[in-house]
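Next come two complexes, and both contain subunit A; in the first it sits with subunit B, in the second with subunit C.
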Partner chain A sequence: MNSLDPALDLFPLAASILAAITCGVLGNFLLLRRESLMGDAISHGVLPGLVIGFLITGDRSPFTMLIGATVAGIATVLLVMLVRRLGRVEAGAAMGVVFSVLFALGVLLIERAARQTDIDADCVLHGQLETLAWYDAPALWRDVPAWTTIESIPRQVWGLVIACLLACGFVIAFFKELRLAAFDPGLASSLGLRPRAIDLVTMVLVAIATVASFEAVGSILVIAMLICPAATARLLTDRLSRQVLLSVVVAIATAVLGYRAATVVPSWFDDESVNAAGSMAMTAGIILVAAILLAPVHGVVSRSIRSRRLARRIAVDDLLATLLRTEEARSPDAVPASAVNLLRPPKPAAIERARRSGLVEGRSGSDLRLTEDGRRVARDVLRRHRLWETYLVEEAGLSPDHVHDPAEVLEHLGPIPSIRSSRDPHGRPIPDPD
Partner chain B sequence: MTAVLVGSDAADWSELLELATFQGGFNATIVTIGTMMLGISAGVVGVFALLRRRALVADALSHATLPGIAIAFMASILLGGDGRSLPLLLAGAAVSGVAGVLAIQALGRWTRLREDASIAIVLSVSFGIGVVLLSWIQSNEPSSSAGLDHFIYGRTASMLPGDAWTMSLLAVVTVTLTTTLRREFGLVCFDRDFAISTGWPVGLIDLLMLGLVVLVTVAGLQAVGIVLVVAMIVIPPVAARFWTDRLRVLLVLSGTLGGLGGWFGAVISAGLPNQPAGAVIVLTTGAVFAISMLLAPRRGVIAIALRRFALRIRMEGDHVLEAAWDHAADRGIDHPRLEVDMLRRIARERGWTPLFNRLVRMALHRSRMIMKTSAGSIELTPSGRRRGATVARNHLLWERYLTTHADVAPNHVDWSVDQVEHVLSAELVASLEEALVAEGVDVPPRESSP
Partner chain C sequence: MSPAPPDRTSLRDRPEHSSSSPLSIHAMTVAYDRKPVLWDVDYDAPTGRLVAIVGPNGAGKSTLIKGCLGLVPLASGVVEYRGRPLEEVRQRIGYVPQRESVDWEFPVSALDVTLMGRYGRIGWCRPIGRRHRAAARECLERVGLAGLENRQIDQLSGGQQQRVFLARALAQEADLYFMDEPFAGVDAATERAIVEVLRDMRDAGRTVIVVHHDLQTVPEYFDEVLLLNMRVVAAGPVEDAFTRENLQKTYGGRLTLLAEAAEAIARGRRGRDRG
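Then we have the complex of A and B:
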């Protein structure tokens, strides 16, 4: 139950991995072209093609069904484009109309053909990995290489091998064109790269991938694999080549983990194993959520840590600047303005942090003093603040009583404005750089 | 193909007629009314889903209901029920559908993924979760879980009298809300920023629109199923959109189409064997969509193609008139004629087919720009001469404008049908004209209105 068995698991697992790689690779370009939902549309749209292929030949010959489905998949792509261009219908609505009509047609045809066939819409949605069982398999994994003959590999796996080679070959051969078409279609077409043709070929390959995958893993997994690994990789890196490689790794991990989880997790509760395709889609979602939270640069956690760190630094900077302003206000030649209401009460946590870094000394309250280091930082902050105030008045034309708040933000973030002045708009001295 | 669709089973037309006129027995009438009401609700709510560009959000929403249905079922079993309490299942569906929509919004807010990606992620992952839960339920509670997967494809026949009442109530609520609040909804769809700046509770209005979509989706699950419920929301408004630009008309048309689709689907699926209502509804409205896209008077594909062709014919006719006018002006002839050589040259240069050539001349005739003289030659009428002069003038001035003011290379300039006076200011036109005259170019005078 808990270990993989060649008879039950070899080909289903191989099919899942191949489907995951095929869809994962292509998904990168759907994601960048903002066509992610095309996978959804195509995988629903192939249904009538499958059934018509079946009805024409009358038997479940894989070849005709494959051709029917591929034609229907490509027809879906073309119909969506047609409705968008000719009918001037928004992309999402166009896809919704086309794929639901095609799917409805498929459902109706299946009902009509139900007496003659065992295909049903369920197997298109969920896939039938269990049909890939290898009945005369050796009992032990180490015997598998010796046993594996070409004939024992099911045709679904062959179909996936071909689809996978096509998808990977296309992406490797046309990587430059795909990248340009994804990021700058205008430049691509001016260089004669025909981004629309590249789009179309991508879509045709998505259709082929969908058809090759549906029988084994079902369309839900196809949709999940077209989007989730690519989205995960997109959150982990900014380079397209790395993104594509990462998406393949994520796709393989999703397939393996999802496949195992379908059996292993229920067994903890002594339950039967659950649908493997669904489990893989779920795993893809879990991995994506992990990436959303934990990605090094774009992750929610790292972003919140960064922004919290920034907030702490700003609080300390503000405290130091406040202390320096208070010193200034006590000096005899201070400019008597509404300076007092500009001073915010410092946060206790900021005082504690500044004291630990040796920027302030003394007890909290009126006794708090700047150290030498603290004074240097405070002068720098105040210098930035007053330079920005000067800049905003002189260059941006704001009135002097409106510049404090923007300068309060810019002093922490912006570069130092290249302006020379010894006094700010309120007549206070601008500290020299150290 | 038709044989497959309609079926070889001999259709009993009188029975269909009875069903269609609500006389096919109590149960059939209930189902027909219920489905019709659902169609109306989906049609009117769909208008705003379309305008708000949320067509596929509805799709993700419906797929995201599956885990909720499964969890509600499991919860009901745990609490000692039999898991078939429909209100509980639908409540579960609504909760997880809303959670799916929130997840789409959260993905947009917290990650750099675009909306299409977020929709696809929520759709596939939540449906995957639903499939896992369903397969778990089916292996553990095989006896009581039968029928749960009806939610995926729907089953209108399972509608009860109470459901028809619920659907009618839903239709009343959605129609009332969308008609009374159509201005508010429309503003948030068309110009969100303006709505915010004028202090409308945009978030609340948006939420109400979304809430209506959730209601209709959940109500439609039972009848047409998860995969096709989005079609009831999307297709009627998209089809209706071809016929009108007015929101009120759009609402009426879309609601009517939705209702008709529901009525037809219910009748067909009750009267003929093996015709699932959801699929029939979608195909009916889909056919209306296809017809609308082709035939609608202004936005239809054929109308647009005809308009473009008419415009092209007129532009080519303008070319002919201009050439004739130029030809005559160069030679100081008073009555410009269409010379055979000239026509042949234009036809060659502009790549006309003989048929197109005839069409252009016929169009010129019909608009009384040219006429046959008694001598057998073709001559420009006074209005043809005026038109030729105007076109020649526009051509000259545009060419000059584009080369001197717009930095366009002279060999890339072609004239446009737009009258130069309509686009450029009077002063600019006058100065262009002056410059041309100063170079000795003969600029035709501006057409004086007759």
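Then we have the complex of A and C:
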């Protein structure tokens, strides 16, 4: 099966996308407050709330579930704060203890109530997307808008539409307040912008998102979506507004790709399709790993390219400076060279690179000479080196025989000390700027 | 022994406090985890002056500021601003926290942070208008950061970050400012720039209360000083209050005695609670 079918795929896909957006948007603010695990805690902590809500009222209406789960979600947040304060443990440990205990309580309650209910722990974890199949669906996608009626949309999808509107509406309306509360709660509170209330509403919305999602997509996807899209977007931009927008895009892409991958990837191995929620959570992880590796500025690859480029430039700079120093040492008015002993032999790769850039000419060894361009670069490097040496002796109070090594590093970096001198501490001339 | 119920009565009937003072603190006591940090602090700030809060580590300098701003609960005491409670005058009071108190990797630009000073003025849920952006840009210029407004704050030097905080305070256009160690870890150029801005603020009639740790520069930078070590040791114009004797009292032997007393009381209370 390689194409989507309205009957089987429309509502499951819609539910997945809505759940992904809802959690993805809220996840940004958990991430920035370093409380991503709180989403995990809440989404596990609501389980006993769901079951207790069911046991008390005996029905499985969304409203009962919502009340029970929201109460449990808030209780989770308060318990975490309590354990943290009374137990004097760090936030992560407090969350870990609270959510595992609450989840275990939920599992025990389910077993106890197993005969009366069709809730089970498995369906809470990975959802039941297949229950959203639409048996009266038209055969063709283009007939879908005409055929869809309010009654044909499943209850779970409605729940997610409401949760998604709440989450997005909250983030849009209170964007400024959310940003300040996450960045500087002290200022927010001194301005009367109630960071604690904002925090609490965020947590309640996470609880609502969990409840709305759990029946369709399960809490594994909730946890993945609370963390991964926001973390991916954070790597791609340095502006919060763009991060939130990107997290939505990433969330939608994750849901669509993950949903397709659940059927397509196993078919390559002639296997049956796998759980779509699990596949989406995997996809979220894969996209995050890709961003960690490939993000333009913060990615591992681009950082290592930058540092390799810098290392290459330094090797070439060092080679050119060495050649210029050798020239100086040969000239008749040379200061007796002790420092030349400190020079490292140039790397063959650096010679090759310098030759290709037209900075040196001649064969390797003693035959190697600076070109005009090469001399200009070398004079600049030497100028920085000797200015730094002078600075370190005169301003930082180091002794002249201790300044070569630090200057050897500093000469390759941005700043140039603002110091006027024509000779360095060893009596060698400081080249003028070009 | 439970802490005394907070004294929430107005200071109107207390002749020792003036309702024309931008900040009146009466009998403020703050305790963290039952260990008193500030004891019975009384203080009236003068209008249009630069005030340094000076004292050793753990003297409660930051706590005093946070207590005034309602960021830590008071065990007892009253704080009033020109005779009015904090809730009525929040927008007129600026706060510059310690630089380390925020996450500088946060995805916001220098302009975004400066604009935060105007959030109270803009109001809940309202978008940030062009007028506010222009005002924030002007504040960045005043602290010498023109051209860096779109820089992510992590890409700024420590001194520049501190200046962004100052620009944010300027953007708030408050009457009274609390600043927590604005000179900590900044370069000489930033220090001069900050002093200049502080003097401008004072000359415009604002009162600025600064937690300061460099005793050497107190007479040069400030008009008034509040010497603090859990309680007010001395307060007043720098010429009168910043004396060798008062400094000795603030930093010297008495400190250890007071700290020991506090320690003993805290221990006693804990013991009683268990027993």
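One rule holds for everything that comes next: the second predicted complex is superposed on the first by the 428 of 434 C-alpha atoms of A that agree within 3 Å, B and C clash if a C-alpha of one lies under 4 Å from a C-alpha of the other, contacts with A are read in each partner's own complex, and residues count from 1 in each chain.
Here, contacts are C-beta pairs under 8 Å (C-beta built on N, C-alpha and C of every residue); 3 or more make two chains touch, one makes a residue touch a chain.
Remember, it's a predicted structure, so these values are computed and weren't measured experimentally.
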Which term applies to subunit B and subunit C once both are placed on subunit A by superposition, clash or fit? clash
Count the residues of subunit A touched by subunit B and by subunit C, then name the partner with the higher count. B
Answer with first, second, both or neither: which of subunit B and subunit C does A:A354 touch in the superposed model? neither
Touched partner set for A:A182, first subunit B, second subunit C, both or neither: second
Partner chain(s) touched by A:R234 [first = subunit B, second = subunit C, both, neither]: both
Could you tell me if A:V77 is touching subunit B, subunit C, both of them or neither one (first, second, both, neither)? neither
May I ask you to decide whether A:M65 touches subunit B, subunit C, both, or neither, giving the answer as first, second, both or neither? neither
Identify the partner contact of A:L193: answer first if only subunit B is touched, second if only subunit C is, both if each is, neither if none is. second
For A:L324, select first, second, both or neither according to whether it touches subunit B, subunit C, the two together, or no partner. neither
When the two complexes are fitted on chain A, the stretch of subunit C hitting subunit B, from 61-69, 115-123, 205-213 or 241-249: 241-249
Shared contact residues on subunit A, subunit B side and subunit C side combined as an intersection? 34, 234
Going by the contact rule at the top, pick out the subunit B residues touching subunit A in the complex. 4-5, 7, 50, 53-56, 58-59, 107, 110-114, 116-117, 119-121, 123-136, 139-140, 149, 152-153, 227-228, 230-231, 234-235, 238, 241-242, 274-276, 278-283, 286, 289, 293, 299, 301, 304
Inside the complex, what are the residues of subunit C that reach subunit A? 66, 69-71, 87, 90-91, 93, 95, 97, 101-103, 106-109, 112-113, 116-117, 119-120, 122, 124-125, 127-128, 152, 154, 168
Where on subunit A is subunit B touching in the complex? 31, 34-37, 39-40, 44, 55, 83, 86-90, 92-97, 100-101, 103-105, 107-109, 111-114, 121-122, 125-126, 220-221, 223-224, 226-228, 231, 234-235, 262, 266, 271-272, 274-275, 277-282, 284-285, 288, 292, 298, 300
Residue positions on subunit A within touch of subunit C in the complex are 32, 34, 173-174, 176-177, 179-180, 182-184, 186-193, 234, 237-240, 243
